[in-house]
Structures are given as C-alpha cells and as structure tokens.
Amino acid sequence: MFIAISAVILVAIAIGLLRAFLGPTLYDRVLAANMSGTLTVLMVAVLGFMTGRPEFLDIALVYVLISFVSTIAVLRVCGTGCGASRDPEADSGEG
Amino acid sequence: MLISDLPVLQVVIPLAAAPVCLLLRNPRHAWACALIASWLVLAIALMLVQRVHAVGTLSYAIGAWVAPWGIEYRIDMAGALMVLVVAIIGALVMPFARRSIEHEILEKCTGLFYTCYLLCLCGLLGMVVTGDAFNLFVFLEISSLSSYVLISLGSRRRALTAAYQYLIMGTIGATFILIGVGLLYMMTGTLNMVDLSQRLPEVANTRTIMAAFAFVTVGVSIKLALFPLHQWLPNAYTDAPSVVSAFIAATATKVGVYVLLRFFFTVFGMQFSFDAMHVGEILMLLAVAGILIASLVAVFQDNVKRMLAYSSVAQIGYIILGISMASAAGVSAGMIHLFNHAMIKGALFLAIGCIFLRLGSAELRDMHGLARHMPWTMAAFVAGGLSLIGIPLTSGFISKWYLASAALSGGYWPLVVLILASSLIGLIYMWRVVEVAYFHVPGTMMHKVREAPAVMLIPTWLLIGINLYVGMDASLITDITRQGAEILIGEALQ
Amino acid sequence: MSGLLGLYNYWIVIILMMTGFYAVIARPNLIKQIIGLFIFQTSVFILFISMANIEGGTAPIIKEGIRLYSNPLPHVLILTAIVVSLATTALGLALVVRIKEAYGTINEDNIHVQDEED
Amino acid sequence: METVIYILSWIFLLGGAIFLLVGAIGILRFPDFYTRLHAVSVCDTMGAGLVLAGLMLQGGFSLVTVKLLLIFYFMIFTGPTAVHALAQAALQGKLKPVVDEHEQQ
Amino acid sequence: MEILIDTILLVLLMITGFSIVRMRSLLAATMLTSIYSLLSASLFVVLDAVDVALTEAAIGAGISTILLLATIALTTDREKPPQRTPMLPLIVVIITGMALIYGTLDMPHFGNPQAPVHLHVAPAYLHDTPGEIGIPNVVTSVLASYRGYDTLGELAVIFTAGAGVLTLLGYRTRGGNSMDPGIRKLLILRVIGKLFFPLILLFALYVQFHGDYGPGGGFQAGVIFATGFILYALAFGLGNAQRLIPHQLLRIMVAFGMLLYIGVGIESMLLGGKFLEYNVLADDPVSGQHLGIILIELGVGITVASVMLMIYYVFRSRQPEGDL
C-alpha cells in the first residue's frame, strides 16, 4: 500500500520536474522546485514507514527546511536582479 | 608523546599550526608560526629517516585501531625520503618567504597565505605517509585545495585562470582516483594498501580491477602532470607567487609520482601493473614524448618561470622513464632523480624569486645584464641550471648517470641517446638565460637593481649546496633510494 | 536478479557521471563547469552508496530485532567526499567571481582571447 | 477501534495522494504562473496535511508523531510563505498574468 | 519493491542531469541542480544511507545551491550558446564511460549479500560497535572513531575552503540598516524568520547530539546551524546578521573547532595512547569513546557551521549594493 502512495508521489515529482524543464519563466522553475521539495519530504516520510524504520523522520524535517531556505534564497539573491521575467531560453544574450 | 608518535606528529603539527596562523593578526607572527612548524617538520623528518634506517618500516595505527579497520600510517625508506624532500623544501622556503611575500601579496592576505601554505604542507606529508587508500584521497584534496588558493594569489590576473584550470583538472583527477578506490573497495572490501595488496591477486583478472587500475593511473597522472595531462602545470607555475612556484614545483608533482609508485608496486603489485596491464610500455612512450616535446617547447619560452615549468614537465618524464623500466635499478634511478630534481627546481625557482623581488618581472627581455647587479643570484641560477642539464659534479649528472645505466642494463639503449639529446636541449634553454644575463648590455632601468637580501640568498644557496654535495658524494642518497626501491620491488614480488 | 540485470543500476549511475563529466570538459562557461563537476561528484557518491546496499538490509543504526544492515563504511567515505565536493565548489565559485571581476566574462573562450592579448 | 484507525489512516493517505496528483496535474496544465501557484497550494496544504495525518495514525503515538507534527507545522508555515514571496517577486519582476484578451503563452 | 523506486529515481536523475547540461539559463540549471541533489538524497534514503541523505540534502540542495546563486548574482545568468560542438570532449567522455561499463561487468551484483564489501572489514564494525564504542549508530562510530582521522582530514578540507574563500574574496562588513526600504515587502518573511530561527537552531542542536543514536552528527548539525543564520540574513539583511555573529568571532570559532579536534588527539597521546585513541580519555574505554566522540563532533559542528556562514558572508558581502 505504501508503495502505491510513493509511486503516486514519484509521478507527481516527475510532473513537477517537467514543469521545471519547461519553464518558461524562472518563477515557474522555482515553483516547481519548491513543489518537488515538498513532495520529496512526503516521500521520505512514507519511505520511512515502508521500510519499517520511521524514526528517520529527521531527514524529512531537514528537507522541509532546506527547500524553504533555498526557495527564499533564489528570490532574495537573484529574484529581481537577474532579468528573471524574461524567458531565459528564448533570447541568446551574452554569457 | 614518544618517539613512536613521530609519524603522525609530523602531519599534525602543520595541521594544528594552520588554525593558529588564521588567528594571528600580525603577518609577522603568522610567518613565525609557519616557520617554526616547518622547521619542526624538518627535525621530525630527519629523525624519521634515521629511525627507518635503524629499525625498518614504521607502522602507526591511528586511534589504536589496527589496519584494515583503522587508518594506518606506514613509512618505509622510500616514504621517508619523500618526507625528507617535502620537509627540506618547506623548511628552506619559509625563511625565504617573508620578504618575497611582503613584496608580492597584499598585506591583508599574508596571514591567510601562511595558513594555506601550512595546509598544503600537511596535505603533502599526509599523502606520503598514509597507508590507506581513502585517507590518501582526503589528504590529496587538502593539498590540492590549498595549492589552488596559493596559486591564485599571483600578482597577474592570469593567476586566477591558472588556478581555476588547475582546480578543474585537479578535481577531475581526484574524482578519478575516488572512482578507482571505490572499484578496488568493491572487489576486495578493504581500503588499507597492504591489505589490498594481499587480497587483490584473487580478483586480479577481473575487468573491474583493470578499470580501477586505469582510473587510478589517469587520476594520479593528472596530479603529477604526466605529459599529455600536463596542461595545468605551465600556467600554474608561471603565474603563482615565486615562493609558491618553488614550493609546489619541488614537492607537489613529486608526491604525485610517489603515490603512483605506491599504487603500482605496493597496491597492484608489479606483476599486475607491468606484466598484465603493460603500463611500463605506455609510460615509457609518454615519458619519452614528454621529455622531447616539453624540452623543445621550453626553448621557445620568453618567461623564465614558464621555461622552467616546461622543463619540469620534461624532468617528470625522466622520473617516469626510470619507473617504467620496472627494475630495481630503474626505480632507484627514478627516485634519485625525484630527489635531485626537487632540489634543483626548488633552487631555480627561488633564484627566480630573488630576481622577481628586485626586477618585478621574470621575462627574459627584462634581464639584460642582470648578472652584474645580482651576481650571487645569477651564480645560483647558473649552478642550478648546470645541474638541470646534468654536467658532471652536479646532482643532475648523478641521476642521469643512474638512469642511463639502468636503461643500458635493461637493454633500452636508444633511451641513452634520448637522455643525451634532451640534455643538449636543456643546455640551449639554459644558455638563453645565461647569454641575456651575462653578455648583454644592461638596460637603463638596471641601475637601481641591487643584490637580493641575504635571507633570500641563503636558502637558495643551501639548496644549491645540497645539489653540489650530492653531485660530489652521492653515496648517501643512492643508498637510501636503493633501499627504497628494493622494498618497493620486494613488496611487489611477494 | 540474475545475469546482467543486477548491473543496470550501476550503468545508469555511469551515464549520470558521464553527463556531469561532459559538462565539465565541453562547456566553456565556468559556472556550468562547476555545476558539471558537482553532478559528476554526486553521481560518484551514488555509485558508492549503491555498493553499500544489501538486499533486505536496513540503515546501519543498530536496533533490537534487526539482523541485516547495509555496509556503513561507504556511507562514511561518502560523508567525507560530500564535504570535499562542497569545499571544491566553494573555492571554484570564489575563483569564478574573481575571474569575472578581472576579465569581465566567465566564458572560457573569451578569457583565452584576453589572455592572448596580454 | 484499531481497524477503524487503520482504515481511517488509509483513507487519509489515499486522499492525500489524490490531492498531490491533482496538484501536480495542475502545475503542468494551468496556463500561467499565477494560476499554477494555486495548484501548488493544493499540494502544500491538503496533500501534505492528509498524508502526514495518515502517517500519524499509522505510527501510533510516539516520538514519530511528534516529528510528523513538527514537519506539518514547518510545512504549513513555509509553503504559503514561499509561495507568497514567489508571487511578490513575480509581480515586482513585471510578470503579467495571462488574461482573456492575451494569447496563451 | 524498493528496487522499483530506486529505478524510477535513477531515471528521474538521468533526465534532470541531461536537462542541466542543455539549459542555457544558469539560474534554471542551478534550480535543477538543487532538484538533482534532493533526488539523489532521496535515493540515498531508499538505499538505507540515512546519514548521507541528511548531509547531501543539507549540503548539496542547501549550501551549494545558495553559493551558486550568490555567484550568479555576482556574475551573469546567461550562458553563451556554444559556437561549435566539440568532438574531443565527447570522445573522452565516451571512452571513460565505456571503460567504466567494461569495469562493471565483473562487479558483484547490486544488493548481493555475498559481495566482498559485505564480508570483509565492514562486518566487524557492525559487530563490534556496541561493545567497543557503545553507540547504536555505526556510521557515527566509524566516522568518529574507527576512521576518525579521515574526519579530521575532512575538517581540514572544509577549513581550507573557508580560508581559501576568505583569501580570494576578502571580507567586507556591511553597514546594516534595519529600516531598509524592503521592510514592507519582507514583512511576512521576517515574521516567519523570527518564528523559525530559534527552532532551526534548536533542531541543529538535536541533530548534533542525537548523532550517536540516529542520523546526524557534527557535519549535518553545522550545516543546519549555518542554514538558520542564512535564513536570518535573508530575512533581516546581511548587515544585521553580521552584527549578530561578527567576523572576528567566526574566525575564532573556525580555528577553535579545528583545535578542539586536534586537541582531543593530542590529549589522548599525552595520556599514553595513540593519536585519537579515545579509550584513554576516561577510566573505562567505552565512556572514553563516548567522551571523545562528543568532543570531536562538537569540534566538527563548530568549524563546519562557522566556515559555511563565513563563506556565505564573504560571497554576499561582495554584492555591490541593493537590499541584501
């Protein structure tokens, strides 16, 4: 049964990844990354129960934290500065 | 702390001195701290050589966990020689460093410079004495990371790209070593080198071990700048601060060679490395190509540091040539050259450091008539150059003599011709410097140039002194290397 | 698992490693190279952790009633290697920042052009 | 009683999984960034909440429950904060929402 | 059934890896790198490497990503489209890959209990840890005691990175202004930051001292600790964070952690043991091991936390202006 739940979560992660590839804006990618983070947390939690060692939930806790801080970091560090509103894949600026 | 703790102490002392250096605000104090640590390391290295000579191979189980469960430090004669090389260079470079660093590096970076230097020293020593394949990787990374920083401190902006290039290549090399060690672990379940050597023969003809061998060899070859993988070296040596060029040129690649020796002879065993994998033929080919091509390229360099850097690539070729013969004589000759070349290159780069202090440049075109203004420095450079070429009564002659005789006894007589020919090329590029410095009319800018200060000349001349001493009485060094080579080959034959 | 099926896991890991390796050596952008290095190293970690796995085992934290644990040694090695990889990344990025300030570009080709002019 | 809790936990877990899937489909299919934000919120709150609640029922009351509660607590704060910060950054970055008269991107 | 999840995760990793190489926006590549790291961390959980998963998530998805972002903010987001498709790298990569695949052919199969790695050395750790070290987490016991010297080396590596970044970029203090114009914009973030900051530090302490019993230890705790301060810096500005933990204090802590670790080693030597032999630290060996492990983990935690924070400060203080 747990395997079904984790399979669903994996499918959701895959869809999130797809959005992260497609973009089109940076914000979509950040959003997708953030969602993948949430889903990973849930998957780790479910996996803990599946393998019969749920005491490893610390890992999930760390993931929540890390995915939050990195989302905030993207927005605060690069959010408005890096020409985020344009489509990065479409134009071919200098690099 | 007893005499038996020496193997670990000599790595821990610079490691402990590094954070202390970071805390010291005054650059002079940081320098003093680094100096004391380097001299302690030299003292310990001398004691270690003496002890290894007296009682044979030393083994030290860190944390009292015996190998293969714990990490073991293991010093045999070859290792003791390497420790000595690193310690001598470290101890002589430090007194030199103060003036040179004041001149070349911003004051606020000075304390950090000594911190990184100590870490680099610690990493190199750790690589030599460790008997554990993964511990080797860790210390390799300590020395590499600190040397990237040290190189990037050079005054020109090219130093940054040189350091970056080295970082990328060095990390690829280290990751290859990591993959190799991983594959070895996968097939044997152990990381201790001696234990590996005992368990490898059972699985030696598996494809996994062959892949492991290939990855370790390529990875270490990047670190030691074997000919086609040497691209990082000329830039790094050219643009680094003088002290760093001297220290790294004299030690880092040599330690790399030593690690290669360890893997070939101790871990994989001679049978596997040379008979099954035919690494001898490949190495010989690369060494020959490296010697010829790098020497030729050196002739056309206008920057003396860059010229010496290419000459280093060629000299590494000689060392590898000795090893590739896979005989006691060959390995011993390679190790003699390893020692001699460390001393020669150290001295030459220190001499260039003196010139750089007064001239602010290492370009050949700025050196017209330099010998009149800096006679002692140029004399040291010439003495080092003669040794590099291999004139009799210098250490360079000794190593070439042994290399040639090893080649002859192995039946590789064309190699003797090659050694002679490349010595001639060496003569050409050294002559270019001598011609400019001695026989050209000094430029107008030359009047202000004075001789380098004594604190910088003395270390340079001490290294030259070691060269000349070995050139006249090589018995000590040949004795040590013969023992070292016999232990290596003996381990391999078991 | 029989035959070659037991190895496909390693093969995917190798493809991952080579993806990162390719980015390091083929891309002229310095940050991209660092990212490539990061992927290369992370994939090597997966290789190590894969070999530590044991069928039917569990995490090597000893608990009553469990007999089969996966191998702790590769875990320890990889903990070290992760930290090493972070150290390399940090230093590499610091160099990239300095290079950008000195050259005004982080493209390797452009840097070479400028170096030639020096 | 135990069977009831057991069945309840599976209902929660399955419900959570469905919400997660719905959210994921939303993030793929919605036309622009601002609408996609809504889809993510579904994952963050209903999906995560239900899955965690299901797990709590599974585990019984122990340190595990406390940790799950803590995760839930963190999530319920971080999710909206992150999404809010994102929306704000997007607005400041002059990203226009897709409205009827524009073509879909 | 774990095999199935393992395979799916690997495939996802592969797709992510390919798209990272393809992406020309460096920011997008960084986001995907973060996902890549998080996915590989989940894979580590599936493969029973919980400690590694914790570290990979905190370091790979957390700190590395943040450093990449800071670098992109200082440089550029665009990767120039490649002018040529170089053949040589492709050949090198294919040869290397083929060599590795060739090497796999004789490998013991995935998960095989008869593989040499499961028969030599490692079983002794699993068997002897309860008796010799007396803690349940074997990874911690190997990390801190059996191979404690590697961990010292690892600490030296991270110390080198800290010193190196400081050397390269220098340190600038930021005159932090709590009334910066972003106050309204950041209101929610600040409230949440204030709420979370103490919790994160508390959690870091838990990870630090619970490392003997569960996944965790000095490295993980140090990184989480630093993450807490990074969150603080993101919410309240770099200047305020720098006032909270000034540079000089960081410098002292970096050195202190290292010296504490080495000090434990030297102390055990002075007490008549070998370097890092914790047995001699207390009357009976097991409590000596306990004491030693707690002390060195503390040293690791302090140095890692302060180096991470220092690196972050150094990168961010390079930013010329704007609301930090």
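Think of it as A, B, C, D and E in the order they're written, each chain with its own count starting at 1.
Keep this in mind: a contact is a pair of C-beta atoms (placed from the backbone, for glycine too) under 8 Å apart; a residue touches a chain by one contact, two chains touch by 3 or more.
Bear in mind that the values here come from a model prediction, so they are computed numbers and not experimental data.
Least step count on the touch graph, chain B to chain D: 2.
Where touching is counted per the definition, the chains common to chain A and chain E are C, D. Here the two chains linked by the largest count of contacting C-beta pairs are C-E. The chain with its C-alpha centre at the largest distance from the centre of chain E is B.
Chain B and chain C have Cα centroids separated by 28 Å. Centre-to-centre separation of chain C and chain D, using mean CA positions: 31 Å. Averaging Cα coordinates per chain places chain C and chain E 13 Å apart. Chain centres here are Cα averages; for chain A and chain C they lie 20 Å apart.
Listed for chain D are residues 74, 78, 81, 85, 92, each touching two or more other chains. Residue positions 17, 21, 25, 29, 51, 58-59, 61, 63, 73-74, 77, 80, 84, 87-88, 91, 95-96, 98, 106-107 of chain C are each in touch with at least two other chains. Residue numbers of chain B whose C-beta contacts span two or more other chains: 134, 138, 141, 145, 148-149, 152, 179, 185-186, 191. Remark: the chains found to touch one another pair up as A-C, A-D, A-E, B-C, B-E, C-E, D-E.
Those residues of chain D whose C-beta lies close enough to touch chain A in the complex are 10, 13-14, 16-17, 20-21, 23-25, 27-28, 33, 36-37, 40, 43-44, 47-48, 51-52, 55, 58-59, 63-64, 67-68, 70-71, 74-75, 78-79, 81-83, 85-86, 89-90, 92-95, 105.
Residues of chain C that touch chain E in their complex: 1, 6-23, 25-29, 31-32, 34-36, 38-39, 42-43, 45-46, 49-63, 68-80, 82-91, 93-98, 100, 106-107, 109. On the chain D side of its complex with chain E, the touching residues are 74, 77-78, 81, 84-85, 88, 92. The part of chain A that touches chain E in the complex is made up of residues 3, 6-7, 10, 13-14, 17, 20-21, 23, 26, 29-30, 32-33, 36-37, 40, 43-44, 47-48, 50-51, 55-56, 58-59, 61-63, 65-70, 72-74, 76-78, 81-84, 88-89, 92-95.
Here chain A touches chain C in the complex through residues 51-53, 56, 94-95, going by the rule given at the top.
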